[in-house]
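Quick notes on the structure that follows.
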Amino acid sequence: MTYWPVKALFCVLLFLPVMVWAEVCAEDEKGAQVCLPEPAKRIVTLSPGATELMFAAGAGDKVVAVVNYSDYPPAALKLPLVGNHTRIDLEALLAFKPDLVVTWVTGNPPAQVELLQELGVPLFSIEPRTFEGVSSVIERLSTLAGTEQEGYVEAAHFRAGIKAISEQYRGAEPIPVFYQVWEQPLMTINNDHLIGKVLQLCGGVNVFGDMSRLVPRISAEVVLEANPHAILTGSVDGKSDGQLDLWKNYSGLKAVARDNLFFVPASPISRPTPRLLEATELICEKLDVARER
Amino acid sequence: MIRSLLILGILAFFAVLLAMALGSVNIPLLDLWQTIQGEGSALNRTLLMDLRLPRTLAAFATGGLLAVAGALMQVLLRNPLADPYVLGLSGGAAVGALLAMLSGMGALLISGSAFAGAMLATLLVFGIAHGTGSWTPSRLLLTGVVVAAGWGAVITLMLAITPSYKLPGMLYWLMGDVSYARSPWPALTVLVLAVVLIMPLARNLNVLARGPLQAAALGVAVRPLEWMIYLLASLLTATAVTTAGSIGFVGLIVPHMLRLVLGNDQRIILPASALAGGALLVLADTLARTVIAPEQLPVGVITALLGVPTFLYLLHRSR
Amino acid sequence: MSKLSTRDLIINVPGRPDGFALNLSVEPAQVWGVLGPNGAGKTTLLHTLAGLLPARSGQVVLNDTDLGEQKRRDIARQLGLVFQERQDSFPATVMETALIGRHPWLSPWESERGEDQALAEQALTALDVDHLSGRLLNTLSGGERQRVAIATLMTQNPDIWLLDEPTNHLDLHHQVKVMNLLADQAGAGKTVFLCLHDLNLAARWCSHVLLLYTNGDACWGPAGVMLEPSALEQLYNQKLITVEADGATLFVPVRSGPKP
């Protein structure tokens, strides 16, 4: 027992170099190897999804600024803003002296991102398009933030959750589904979209899954022709808001005849974050209901 | 003449100074002074030298280009309502640039394609509006508006068939936003060269403003001069559009205001347009990035808010 | 002094047969008046002589060289034109307008100097518009603008003056003043060539007359020979009465219908 201070000192000495020179590296979505001399302490996120993922990676307390509409988790609402994701206030951003900026590959203006890069601001660009991508990006963000413990747990939890659902619905009866992204103009998603993948996971067959565009614009006619058994759409908190009312005129539509018009909370389903798990569970439940009707 | 240019030069200088001093981060004047002298904190240096200065210069160059292009087109078409945006030149340039981007071309080809688009747009308006008669204001405006609407439709079509990952880079052509501008130097160079090139021709333009026949009778080789103005106005517009997207009405308001104060001598109006157009866009952009900071507005919004009433007033008065 | 002539010139009036080819020789110190009904091609002729419109065939020759082979700037130093219609899309002052006449005489980098200013002021004074020199053109009356246009040509000071109905919009006093000015210019060695509608002005001030018919026919010569009542009656399709007054033959149209 008398030795413990010595032991402790030894431990500190042993790990000191590691702690001081702890360079952390991760590969981002553009294939760039991003290395920080030490885990990031002042992080700015340039999309609401990135904010959410940063918090999920256990590094919420290291986020110093976000862009507008970063509304989850609630703690993010208290953070200062640096503009919105399409038009970033670069001055405000630089004033936070960030040691890591998380960008959104297709959401942020390329010219502004390039300028940040030229100014030597460490950038990590993300845009998960698969379930595994969500887990992986959480892991990588946690590596850069030095919060691997929390991050890997969260990532594993998400991975396991998706796996469980996937197994549960492997033998589920296929059901034709139409997911309405927007009412006016009428828009949906294809199978490459994360929402499309959610539908597939739950045993749904996206009637527009084979379209070439990620978010195709379609006419009401082709929806009637495809005759889905269920129609889903996102809304604020999953409340019914009349966005599916137009379909009620078509009683010939199976989804209408069987009363299979469902609302799911828009923000979790449209953001590639851990909340996608709850959203997936919810959609699977709705499809179960639809199968029974 | 020299005096009015000097006053405008001083105004432009203060506009640039104001743009340097104002931003979402407050930098006291003393720090500003120190930073300009090469002292001050690293952050201030980055904010001022890497963000505010290039952006301010890009705004200045774009405003100057558009105002000079507007002044030239007004002489070419002998109509004070001519403006690169209203007549669809900006639209044509944007279509050219988007086409180049869609096919994955490099920056230089994008500029070249924007230039070709602007030229095609002018040629269309030029040719169709001229027809057999002269360029009456209503005919010119109608043609311009219709052609501009056509470009708008082409842009929408291209955006609709563009893969989503390319969209953010393309959308800004429609916004008119200096925050996406990169190096200001190409635009500044074109602006300075254009003004230097056009100055010896400025008296010819004065004569041309009296009509092509009168100009020819006074010894102006009208056709070559018209072609040259047309090419130059297209080049200036295309450079402005490749720098900051399509920004409206600068080419309309600036020369108009200057004519009210300084008369219609192109030897004054052209360099004055470069200075005043630059200063106006610098001020408009300063507003755009500070008025609801940290949220940022596209500068095109501000110029349109100023330009639309001016345009309507001009149209009303010209009846 | 410059000399203007035409060789087998057919002016291009759309939809009209070629008519009679013009072989004019317009000499210094002459005042030529072009007479003809509406649509006879008077303005077209003037524009063709100035090289602003292509001829259907034939040549306009300025100092032994085809006009088409000369630079506009060189032409403008020898030959000037007052148009019947003028564009003023942009506001301009009377002084600026007169000064524009100096354009062919200045090199690209040159500005108008004191002597140019003096010439313009002289011209404005000669046409009684010097008191308007700071006014905007679009605030003037039609007659005042017409005089400013003539003052611009005077400032340009070419050897050959072409004028398209210079007495349009002018009151009687100024009609006489302008015609006297043109005669004085001819007296000083200039060549004056103008379109007119007023037979009597032509009769009193022109040394030569060109009659231009609607069908493309033309005849020309000294005024005394050409101003034959029968030829003029045919030209205008109007009966005329001649009166001798102040040593000149004057023409009065015959009134048809009841007298008041």
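As written, the chain order gives the labels A, B and C, with residue 1 at the start of each chain.
One rule holds in what follows: contacts are C-beta pairs under 8 Å (C-beta built on N, C-alpha and C of every residue); 3 or more make two chains touch, one makes a residue touch a chain.
Everything quoted here is computed from the prediction, not taken from an experiment.
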Exercise for the section: Could you tell me which chains are in contact with chain A and with chain C alike? Expected result: B
Exercise for the section: Report the most central chain, judged by the distance from each chain's C-alpha mean to the global C-alpha mean. Expected result: B
Exercise for the section: Going by C-alpha centroids, which chain is farthest from chain C? Tell me that one. Expected result: A
Handout entry: Geometric centre distance via CA averages, chain C-chain A, whole Å
Key = 82
Completion exercise
When centres are defined as mean Cα positions, the distance from chain B to chain C in whole Å is 43
Fill in the blank from the handout: Per the C-alpha means, the centres of chain A and chain B lie apart by a whole-Å value of 40
Practice task
Give every residue of chain A touching chain B within the complex, in rising order.
Solution key: 68, 80-84, 86-92, 94-95, 97, 105-112, 114-115, 119, 213-215, 217
Exercise for the section: Show which residues of chain B lie in contact with chain A when the two form their complex. Expected result: 23-25, 43, 46-47, 50-52, 160, 163-165, 167-169, 171-172, 177, 179-182, 289, 293-298
Problem - Contact footprint of chain C on chain B as seen in their complex - result: 74, 78-80, 200-201, 203-204, 206-207, 209-211, 213-214, 216-222, 259, 263-265, 267
Handout entry: Residues of chain C touching chain B in the complex
Key = 47, 50-52, 71-77, 80-81, 83, 86-93, 96-97, 100-101, 103-104, 106, 108-109, 111, 156
